[in-house]
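In the two complexes below, subunit A is the common chain; its partner is subunit B in one and subunit C in the other.
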Partner chain A sequence: MAIMSFIFVFFFFSSLQPILSLYEDQVGLMDWHQQYIGKVKQAVFHTHKTGRKRVVASTEQNIIATLDLRSGEIFWRHVLGPNDVVDGIDIALGKYVITLSSGGSILRAWNLPDGQMVWESSLHGPKHSKSLLLTTNLIIEKDNSLIVFSNGRLNAVSCIDGEVLWKKDFEEESLEVQQVIQPPGSDFIYVVGFAASSQFETYKINAKNGELLKHESTAFSDRFSGEVSLVSSETVAALDSTGSILLTISFHNGKISSQQIPVSNLLEDSPGLAVIIHSSVTGIFAIKTDAATIFIRVIGEGKLEVVEKTNHETVVSDALTISEGQQAFALVQHAGSNIHLTVKPAHDWDSNLLKESIKMDQQRGFVHKVFINNYIRTDRSHGFRALIVMEDHSLLLLQQGAIVWSREDGLASIIDVTTSELPVEKAGVSVAKVELNLFEWLKGHVLKLKGTLMLATPEDIAAIQYMRLKSSEKSKMTRDHNGFRKLLIALTRAGKLFALHTGDGRIVWSHLLQSLHKSESCRQPIGLNLHQWQVPHHHALDENPSVLVVGRCGPSSDALGVLSLVDSYTGKEFSSLRLVHSVAQVIPLPYTDSTEQRLHLLIDADKHAHLYPKTPEAIDIFQSEFANVYWYSVDDDNGIIKGYALKTKCSGNVADEFCFDSRELWSIVLPSESEKIITTATRKLNEAVHTQAKLIADQDVMYKYISSNLLFVATVAPKASGEIGSVTPEESWLVVYLIDTVTGRVLHRMTHHGSQGPVQAVLSENWVVYHYFNLRAHRYEMSVIEIYDQSRADNKDVWKLVVGNHNLTSPVSSYSRAEVITKSQSYFFTHSLKAIAVTLTVKGITSKQLLIGTIGDQVLALDKRFLDPRRSVNPTQAEREEGIIPLTDSLPIIPQSYITHSLRVEGLQSIITVAAKLESTTLVFAHGLDLFFTHYAPSRTYDSLTEDFSYALLLITIVALVAAIFVTWILSQRKELQDRWR
Partner chain B sequence: MEKGKGIMGSGRRWAVDFSDNSTAPSSRDIPDPPGFARASVDQDDSTVSRQKKDAESNWKTQKAWEVAQAPFKNLLMMGFMMWMAGNTVHLFSIGITFSALWQPISALQGVGKVFEPYKDNKVDLLGPKLLFIALNLGGLALGVWKLNTLGLLPTHASDWVSSLPPAQEVEYSGGGIPL
Partner chain C sequence: MAAVTPLLLLLLLSSAPSFSSGSRNAYNINGRVKIPQGLGLGTKGYALPGRMSNVKVLLNGGQNITFLRPDGYFSFHNIPAGTHLIEVSAIGYFFSPVRVDVSARTPGKVQAALTENRKGLSELVLEPLREEQYYEIREPFSIMSLLKSPMGLMVGFMLAVAFLMPKLVENMDLEEMRRAQEEMRSQGVPSLSSLLPGGAMN
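This part shows the complex of A and B:
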């Protein structure tokens, strides 16, 4: 009986699943989270005497946020989503933030202190048009009102509840409304626009009830181009479509009068095409030509005067009313490594209210935008603060000639991430700035001991927690044994490269890439991706690792490519190349040269392959492997997948021994009327697989089909490529393929009828997991396909295996046509997905978990065992022992396995996993608008002591035991002696 | 502790030896008493002692067989324990299996010692010894069999391929959707 109960207890414990979750005090030990808002598009200050001073900003990532004006911290933030573009923001009644978004069709009010939404109203109109938001202090029916022009309709909206008080349609087809103006102190509104591009129209409207008071229109001989600039409340400046004639149009009291002045009259040299810069400064407007920005003053009736001609990098702010009838605006100019901030009154160009020079980091590039705000100094004079947006999307507050705070908001738009090792710690060189001394170390351990023995006071606990969070160990600038400390190198959309320390997320260096900088030869440079160029380990340790940044000049696929090599330790760009060919694909090859530089193959739009680095050594290495290198391209527009091999040297133009022609080997043409490629997935290059065999119940073996040349392709019916629910289940299907990319062989094909995208997929080892929507069941589903090599399955003779007489480890070729079998299973899943990844460990021994980026912007870990096609409703005893979970129709979501715990990674884009040196641990980096990093151990940290292990307690226990042994020994000696004397 | 060892050691002053096994009367100064025939006594003694010795050797043989059969009971008990332990690997079954392996091995090592008390010129210990060894080997086999049923012996193909690294691939292919 005792045995039976023993067995029972044993079973009970062995069947418990380890729950992977954190304790509250472990938050922040391994993980860090950073919040960003993106590139600021518009900013409005709120600096009333009461309450905290803040600034409201809308960004290109469609975020509205309020920031603390003292520190730059976020008070609150709302992400409106990719389809809800913010058109305008303002503050109304001193307590509401008003936002107009979605092409002017949604107007929302948010409570300023806490960000709660107060009201939302949708504004629809007869046609699509420009949207303009105008806050007034007009009072209509006792309500403060807003004037909104959107979708061809002028609306007056109450500030209190968002109710539309009156509306007026402008249905004329060709009318393009440019400005809505309310002259100060009046109760009428001007609506100014162009009709049929050459007719100037003004409408005077009663602001109280929307009644049309007067309508005037004048035809011009020239066509207008683009924007108009408001010069005064009844005068606008415009340019004609050739960009060479300036028009000033005044519409005082409805009467339209105009002057035309050729731009060349104002400037001596021919300026070329000019563009009006949007600004709202009274009496002055600015035009931008190829060479310069020109400020022009309007004197009296249509007389124009050039006040200043500056270089390109000059930015002007909107006008700010500083006192009754007095306006000021700010100008920011670059001079070497300094920027000059000048605040001028609108009426007098020559005098300055403020002139400051501020030293600016060269790595921030040029100023893109400036917003100003004033405050009253103690001596009653006006002080100004300026918020500037830089080329790298960072946001800085300038006040009194200094940078008060800065935010690196470029990190909200990361394109690609790679990692790099830190320098090796050298003997005698202390890299850490703050090394703990012995006393502090001892004190820390005593505190920890107190915590373990539950003797600590609340202050002690706080001190312990602080010590754990601020441990200098994790933020050192050297490599560690466990491989936890690394550099995350991130390329942002602004063309800036950041290196973040994995320990605490601080920016180690940042570098605005010169190669991705706008220039004459490269007008619209964009960064594409990052690759590890040189990862020195054995024999080239004294060299620094470096990364390869691939970019291209312009958005089209045949634009010329740009390469740049950056030192990972210092961030210095040591080499940059303007390529003479385009970049369609970058293929890192599995070969490195003697200095550990990885060979890369760049495929251009004409299907030529170019080998980098261009060294004789590289070409020698490549020649020896030449016949075994293939490449493929997936043309998702036409549904064609093609595979290529390389031919000899490029034919035609100049002899280039690093250029190779491609020869088409195979192609898979999917029928365009029934299938459209939506997703592909491949295995990660650096993924390690420990074994090729999978042990199943009853000591049986299945051999995994492990190939790095496996491609997963998902296609849907072309009709079903839209939104979920746009098609019926009968006309929608999802087809998945597993393709060998060397031979073009389709290893597996499966159709899910009545299913629809979007599909998220991840391929690892010999399995692929993908997520899609099942229209029949009205639920999301996840499927798994595992692929096994049947031709190896007869390797079952033990004696042959014992003596090693088998061919299981000999190199295999894709042309050997292995016989494969697949197993698959589908499950329901509650969430829709934004991203999916799989944990990656250094040797691939640790069991895998899927990391799922949910629609709620969190990262959920899901054990791969739940997605095992061998699951059945009633597993046998042997299968249970193997760890097979009984089949359920849906996958469980265990709340404790959210690895982002209580945090959210807003706008989650992708999840990157990197192996640490410790086999049990994966480093996980999730990025979107926010950044999140943590360590994750899929099977718990079985190979190391936990962080909170008390070494002091262990030491004290050992000392106490040794002391006890000595004491008892002495005592027993004494007793024996006494006994003998008896 | 041996108390007073020194006192006893030095206290042995004299001793008389009563035993006399010698058959030669000349070895002593004092002649044999009249009517005492040393030889006849010897003869009589020898018959008695032979009988005695026969009985003893019979008894020893019997005992030796008994000892040799002892592992059989053990074997049965082991079998029962193993059946109780089940076929899954856990602390209990491993403990039982290892004791089942260890007992026969230690018994086999001590074969000579086990049969030491029954060692006699006249007793044939080969049979019991062989039986003893056979039974213990049986126990050992049982233990090994149990080890195998627990899956702890590398007798399957899976035990030899579980850590085989994946085969290297000859070809390399890269690419994807153009950037």
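This part shows the complex of A and C:
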């Protein structure tokens, strides 16, 4: 009785709290958040002042960030817009970070300590050109100034407020400015460039007021190619367009003189085409040929000398001024598993200021960039630290022959994610490092109880929080009952595979894929996607699960494909193959062989299907299902959707029994003058649907149309495919289709007039939710379409069921032409969207919630009940009981239902949901530049006790109850005794 | 949800007449966000999660992104004439998107309206609609909350039975009680004392 009432009361109270939110002290229990900056493009050190030493970096992901030089942590970071590419960064006045971006048209200054933007200037010019940023210590009208060359105009900008002090246009049509130089200690600037590709031009300009002092020009017989390298403040080195003649041009005091030396004179063997590498070391420049990188020193007037010839894996840093008139630069070379870091003074190639050898993880690949900085040791000699960027985009700081810190910034550009189960816990094998004993367990709970009763001291609270966050339970390397512990396997753009533990987000292993490594036959490898290749269960438990990585050797869809198979537990790449065909589509088939390897069909650009794995067993399985394989392709550019089936074995010259020809079954051609495909969405293959029937008010039943072959397509008017505001509502429309991909039948078509993209859509069960922009209201809208199977609707008749005249047991098939009805409704939504997903649970019983990635890089959970086409302004009593919410014109945004709470997943790209074994819970992984992972229970954790459930309180209550029973028993006995004496 | 505190954050969007030296149909949109210091902070016992430097202003769904200057001003450069949408992303605050019309006929004339409540901004003054609380507030410890917990209710129920039931019995008529006791004895309903070990001794 007591237990019954307890359970009743417990459920009663747990159902009273309707909001699925988080207390502030629960942050970090279920979730983790990691911040990255991406591949560093340029880095500037700030170590002069006392206080915290920093490094400012700009990255290929358009981020500007400052990192702590001691630990590599981010102090602050700003993500610029997608078109706002950073051209240059520098530090001015020792307190501002200056960034030049957007092709040299936006100049910004940020406060170094806190990242607050100080000023912003917009720089325009007469024409598009190279953009160059030059910080000087020049003082114009009492202001320190910056010299910026962009868009064909030279600007002097004040460091204090960003005001343009003077400007000078270089309007000459063919002029290509290559360098802007300020000789040290002078108050004039050289602008050096080519005109008409063969004319060398120098402009000497007064830095105080932009006045042109001198203009010289010399014509050369050869055309110049690309870059020039600055050898000294008045000498440049250049190559002619054939790449075989080196020119050194000096323009001392505006007078141009030059020497020409064929590259073959310097090298014994024929070097082939050479290119100049950008470097800024005085007196030395580098050229790169097919075979080697060659460092050349300029001695005096036009005399050149080769100082070193190295292989390609050599990276050189920019020059660093270490003391008055002395420059140093760093070289990084590979030797086996070590890298050699050498710092040399600029004037003397043969001596070394520093030579270190550091053991480097092979999985990081080659060094791509190096930046150096110096410090004064206690014995007044120079020490150097080097920041290196590796092939896998990671960033490392080297100092005194060791790696001080490293950042896995490759994770800022994840292409695809899949999950893998962890190994099963075996008896006798302790996997947790520290197993808690009973005493510690009890102590922990007593502490927790103290916390609930508000008796805890601040130290206790800290101890409780530490205990909760560092629970060894969640970061074990084995499977758990609830299915919370998994491996997230992520493929990054650098071609590296990472396995992250869902418990705490740590990297379990990482592997630089051989198949996605640059080579002679595969010059531009790119990763495409990840698939679960082998998920062993039942009879193949001894095998480790593995993932399939699909890539191709180039950006075009007809480039040859590459495959890799990677063990999910160890990260070993056990198979890597180069395909002889291209990869346009990868279709995981619902069949597995005896070792639980999943069959995959790879469709190439010529619409041939290739079966993998290439085993006789696979072909046997496949032959029996041959007639049931259908697929479709979407051609965005031409607006054609086509459906295919398999025909025969390939009729090519080579007998390949794993290759099949396809035949076209159907095609939908959209009129290209009025419709352009912008988005498609399909159901997740692994989604479980609990029931097909949906009980509605007044005991009625509706049958969901559930088909895994449903495709959602959104098209817009070609004019309206641009940005918001570029078209009027009258000339833009959005058309959505629901298509059966086996038969090509259009199940539903709907037009939204006056609406435009971008469209984000998610398809699940029998509904699709999509987000678009309504130009008439000038607001974003979200619409829902639910699709129901009408042919089963008459099964409601009891008599039919009794007689057996029903079609409930008939399979859902695309061959039968189902009668469908659709219901639809639209609502306003405040924010722009970056991604949309839906919660996924193991059996599909738990109600669904939409996970919306907003423009502010937050993830919002929105109950699907808000997007129910049966909502009306005044629902009837029966409908209210069913849970239908009265209709409102816009969807609510409840701050507590942001699952990212007060965090931002900067640069959000995609939200991935994975079902846990516990039905109530779904695992959510959001990635962009940042990574965020959490557990989410759409209808609360009804099937498990919450984390803050106090076992100690339960124990104490039971003890108190037992004690009370005994006390009352004694009391009652005593009373009875007294009664008898009376 | 917690009560909405008075909104003390002011966003002032001014459209300075803008021109461009580049192409003819490119304009600038200038605006301002103003956060009075000390207000909104600490009133609820927790620090404001977002800072001024983390506020982003986005044009047309992230096509252009700009940041705030220390005085709250921001500007978008080189914007073509037409209707645009400006969104403010600030952790801790809910901003309504703003519809901005940049007129090509009268250069520099900018009109703005909140899209959430369709309020036109004659002077281009925009207020965030509310503050956002991402966390549930833990109720401070109180006897009531302990009593309301399942365990508290159990203990309370037991105490009520133990102490109030005898009181009820006391108020009964003596005769009636005796009759009831006899009835119980005859029916053999097990009493509490007989259930317990040693209870059968009497």
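Criterion: the second predicted complex is superposed on the first by the 916 of 982 C-alpha atoms of A that agree within 3 Å, B and C clash if a C-alpha of one lies under 4 Å from a C-alpha of the other, contacts with A are read in each partner's own complex, and residues count from 1 in each chain.
Just so it is clear, contacts are C-beta pairs under 8 Å (C-beta built on N, C-alpha and C of every residue); 3 or more make two chains touch, one makes a residue touch a chain.
Treat the numbers as computed from the prediction; the structure is a model and nothing was measured.
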With the two complexes superposed on chain A, say which partner A:706 touches: subunit B (first), subunit C (second), both, or neither.
first
With both complexes superposed on chain A, which partner does A:754 reach: first (subunit B), second (subunit C), both or neither?
neither
Which partner does A:243 contact after superposing on A: first (subunit B), second (subunit C), both, neither?
neither
In the overlay, answer first, second, both or neither for which of subunit B and subunit C A:928 touches.
neither
Output check: A:632 vs subunit B and subunit C. Expected answer is one of first, second, both, neither. What do you get?
first
Report, in rising order, the residues of subunit A that make contact with subunit B in one complex and with subunit C in the other.
6, 10
For the complex, give me every residue of subunit A touching subunit C.
2, 5-6, 9-10, 13, 19, 21-25, 27, 76, 78-84, 105-106, 108, 111, 114-120, 122, 124-125, 452-454, 723-726, 758, 773, 775, 777-780, 830-832, 834, 855-858, 890, 893-896, 898, 901-902, 904, 953-954, 956-957, 960-961, 964-965, 968-969, 972-973, 976
Note: in the complex, subunit B contacts subunit A through residues 1, 84-86, 88, 90-92, 151, 154-179
Considering the complex alone, what residue numbers of subunit A touch subunit B?
3-4, 6-7, 10, 14, 528-529, 550, 552, 557, 583-590, 601, 603, 605, 625, 628-636, 643, 680, 682, 689-693, 695, 699-701, 703-704, 706-709, 741-742, 795-798, 801-802, 808-815, 881, 980
Could you pull out which subunit C residues touch subunit A in their complex?
1, 20-22, 28, 46, 49-53, 56, 58, 60-70, 75, 77-78, 80, 82-85, 87, 89-92, 94, 96-97, 99, 115-116, 132-138, 140-141, 146, 148-151, 153-155, 157-159, 162, 192-193, 196, 199, 202
